[in-house]
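In what comes next, chain A is part of two complexes: it sits with chain B in the first one and with chain C in the second one.
What follows is the complex of A and B.
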């Protein structure tokens, strides 16, 4: 599988990552090489194999729905890029 | 002082030969004198370390204390440490002062270990050479023109250079074992779920596991004893009893069944490394072990499987870095999409971007079955290989890495070549098994690691097998010139 510039641009958009224009060709080459490595999987016969979701085949543990933590808003917001009156600020979404 | 084991230093502390403050100062001075060249630490927490050492000294006077009380260690910078920068080797978290402690951090603090600082690492633990760090590469203390391995390269280099007695590491595809091998130290990746992942910044959640990096198996047993155990804060934590890891260290290896997978001794393995591994296996023969060749027929699928599963999980885990609540935010975002895209584009380095993109692609509409589902199936095949092997043998042995430490810059521009460093370690993570690396006879004048893989929750057996080797040999005591 070989990726071109437009594939890289599309994937970068899906991942919400801005790409430096001058780097896109290099990413296309590297990503194509990695997908080339991964192609080896195609030859493996997995017709009667179940997908492995967990290394120890454990079921997801559930916990009771109760409050176990106190209020950490101030500590958590102290490291935020931009807060005001206890709210996280982002650029205006709705005009 | 810096060449003593945890048990030896603990005895010295208890006998009052020296205090934890003196021990801590000794290592802080070594860091100041020696780390400029190595770059193994991102953050040194001298003040907090001395305060912790004073508290440990008071506790030691009471006569009741854990084996780690007052022992200076280093934390990989992937473990959240309250009030201390936790960067994960990334610009994205260069300004992140963690508001809480990881469970591993908390357990080690509670046991009285003194944290000297945070170790450099590949960005978000993605790399095998420590060259993807935002803070620059770490140098291998055995030859500073070479890499220490990765991603726990700072931890490995710091322990090898005697800048701390021990360090923590994490291993998603070999990130404890491969740098341990390249730096000549002992490293253990426990069974998946053995050590809590809470507060350990996630890369690939079905593969990540934390473990000790030390000078000996005996020290690793002490560190693992504190790190391991059920944690309700980690939904994948294994609720299994934790045995006494030191108790069986000296057990006889008479009749131990060792399997050597023929796939781990084939093309790509440096003949000098192979020779060192063979001579280590001979030591086990002399200790009464039975050695036989085995086969892990799907070994060739391990690296390709990993480079679907790990990037897929990474693309999902790293979606949390959006420039909104913590971490890096770009200047003057035009709108929300611009905020996301530029914060992530500027905050992540090239290797992290490559993996996020591979994962995004593999999980995108129309490709899921061909990549992710297929890889989950081949992962099953790889896991079944081990299941069959452990019906015949007690432990599996082979090289940890195909070569000794390579040069800085040698492989960094070719991701696929870099990925092949982990050819022998990745399958263990995919299967969730415990694995260890311990130093054997050097080759090309550089350290070589013997890998030992055990069955699920067989950490005590691995430590026993490693410890008996270290009773017969002195390879684990070799110290790089200039760092003695």
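What follows is the complex of A and C.
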């Protein structure tokens, strides 16, 4: 499987990554090579292998439903670039 | 052309846990902004989500209530998109192996028939925060208290063929989750949110038409209105030669219209993958069995039990089992010694009316079921008439005490002493010779007049049946 320029542009946009126009072809080539590597795995016979969701053979531990976290707003907001009235301020997102 | 409506619903129910789905922060409503957003909710580097056991149990409870397939393993996945109220850049949700698989729910249609609606799946996920777009000098304010709140998203099959069916299904799910105690059902506070998918197709056609998804619907009334608007819009569009575009549309309750949300559709590529921070959840049979043991009686079971055990009509049984508190209230009233049918009337009509008029919830009722039961017992044993009982009801409502003490204090006891009633009747007859003559002349309607006079003289305390009997005997002499 190989990726072309438009695939790379789409992935970059979805990941909100800025990409230098001149580098797109190089990325397309590198990413296609990586996919080629992964494709090699497809040759393996997996008919009798149960699909895996996680490399560890363990089950998720569950937490009792208790409130254990108090109000740490002040500490958390100390490193925020912009806060007001207890809210985190960000550039306006609605059109 | 005849069009057929096809509707499927996605319902987000906020689970009634104490803490968040993956962190120990509180989910209590109405806290100061960001006071309940801990570092896990904020997506700080290095934090690890740990799944809330109660959220899992609540989801399983729902699964059992709709007879769903429940797998031994369930997986959490990341749904990737960027929005400021989603600090991690992904929402932890489920994609493959949701906790609740295929199930179904039976709804009642208006004509009294029933219909089975398929439920595709129900999965656990975390809620996002809230964005406030006003008053911040051109910036948006973000409150992350809601981020990480546990949600169960219930996805139906596109099985509904009318707006009425869609509303009936949504109401039934609402009733069910509240009965199960897994959701408070508060739509104003966003604990129960409905997204609707609607499409149309020519009647008789098999293939589904292009659907639109309606969001932002926070009441059953708005659900009906939004669907009505959207149905009209699609029919007009298609009949005038246009085509429905698959998109997300926002319902604006103020303008009563739906409009396109452009921003979302382009980014509808969520790139789900299993969340490496969370291991597969294993549901063992012991857990499932203990939940099964703790299941409450479900609305449909309760309704048929009410009909058979208390001899109620299907309609009354349905009304009284609409909510668990109401059903409990009714049963406590009967347990207090009241006659079941009489209790059904008083709970739905008198109590329901009084609550409605004063805008109170059942939980705020100034009359306890024991008090109401005590009052109804006095009607049944002929201590007071139904009419006097309404006075006593009002007195209990305004805090004057129990039925017996009010009846005593106000001297409302029905006069059952035949001698006393006779004496009053004799006086009424003696005082109204003209009417007696007319009655005897055939104007039998006047019986009502005499009963009224006797009631007036006894302040309504005479037993009406007794009065009628004695009056007739004396007048027809």
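The rule is simple: the second predicted complex is superposed on the first by the 90 of 95 C-alpha atoms of A that agree within 3 Å, B and C clash if a C-alpha of one lies under 4 Å from a C-alpha of the other, contacts with A are read in each partner's own complex, and residues count from 1 in each chain.
Definition applied: a contact is a pair of C-beta atoms (placed from the backbone, for glycine too) under 8 Å apart; a residue touches a chain by one contact, two chains touch by 3 or more.
All values reported here derive from a predicted model rather than from experimental measurement.
Chemist: Which touches a greater number of chain A residues, chain B or chain C?
Modeler: B
Chemist: Tell me the contact category for A:84 with respect to chain B and chain C: first, second, both or neither.
Modeler: In the superposition, A:84 touches chain C alone.
Chemist: Scan A:59 for contacts with chain B and chain C and give back first, second, both or neither.
Modeler: So A:59 only meets chain C here.
Chemist: A:19 contacts which: chain B (first), chain C (second), both, neither?
Modeler: first
Chemist: Which holds for A:67: it touches chain B only (first), chain C only (second), both, or neither?
Modeler: second
Chemist: Between chain B and chain C, whom does A:27 touch in the aligned arrangement: first, second, both, or neither?
Modeler: first
Chemist: Would you sort A:2 into first (chain B), second (chain C), both or neither based on which partner it touches?
Modeler: neither
Chemist: Contacts for A:37 in the overlay, against chain B (first) and chain C (second): which applies, first, second, both or neither?
Modeler: It touches chain B, and chain C stays clear.
Chemist: Show me the chain A residues, by the header's touch rule, that chain B contacts in one structure and chain C contacts in the other.
Modeler: 14, 16, 53-54, 56, 58, 60-61, 63, 72, 76, 82, 88, 90-93
Chemist: Can you name the residues of chain A that touch chain B in the complex?
Modeler: Residues 3, 7-8, 11-12, 14-20, 23, 27, 30-31, 33-42, 44, 46, 49-56, 58, 60-61, 63, 72, 75-76, 78-82, 88, 90-93 of chain A touch chain B in their complex.
Chemist: What does chain C use to touch chain A in their complex?
Modeler: It comes out as residues 17-19, 23-26, 32-39, 42, 50-56, 73, 75, 80, 82-84, 96-97, 131-133, 136, 138-144, 262-263, 267, 269, 271, 274, 276, 278-282.
Chemist: Going by the contact rule set out above, which residues of chain B touch chain A in the complex?
Modeler: 95-97, 99-100, 191-193, 206-207, 232, 235-236, 238-239, 298, 300-301, 303-305, 307-308, 315, 319, 322-329, 333-342, 344-346, 348, 350, 353-354, 356-358, 360-361, 364, 371, 373-381, 383, 415-416, 419, 430-433, 456
Chemist: Enumerate the contact residues on chain A facing chain C in the complex.
Modeler: These residues of chain A touch chain C: 10, 14, 16, 53-54, 56, 58-69, 71-73, 76-77, 82, 84-95.
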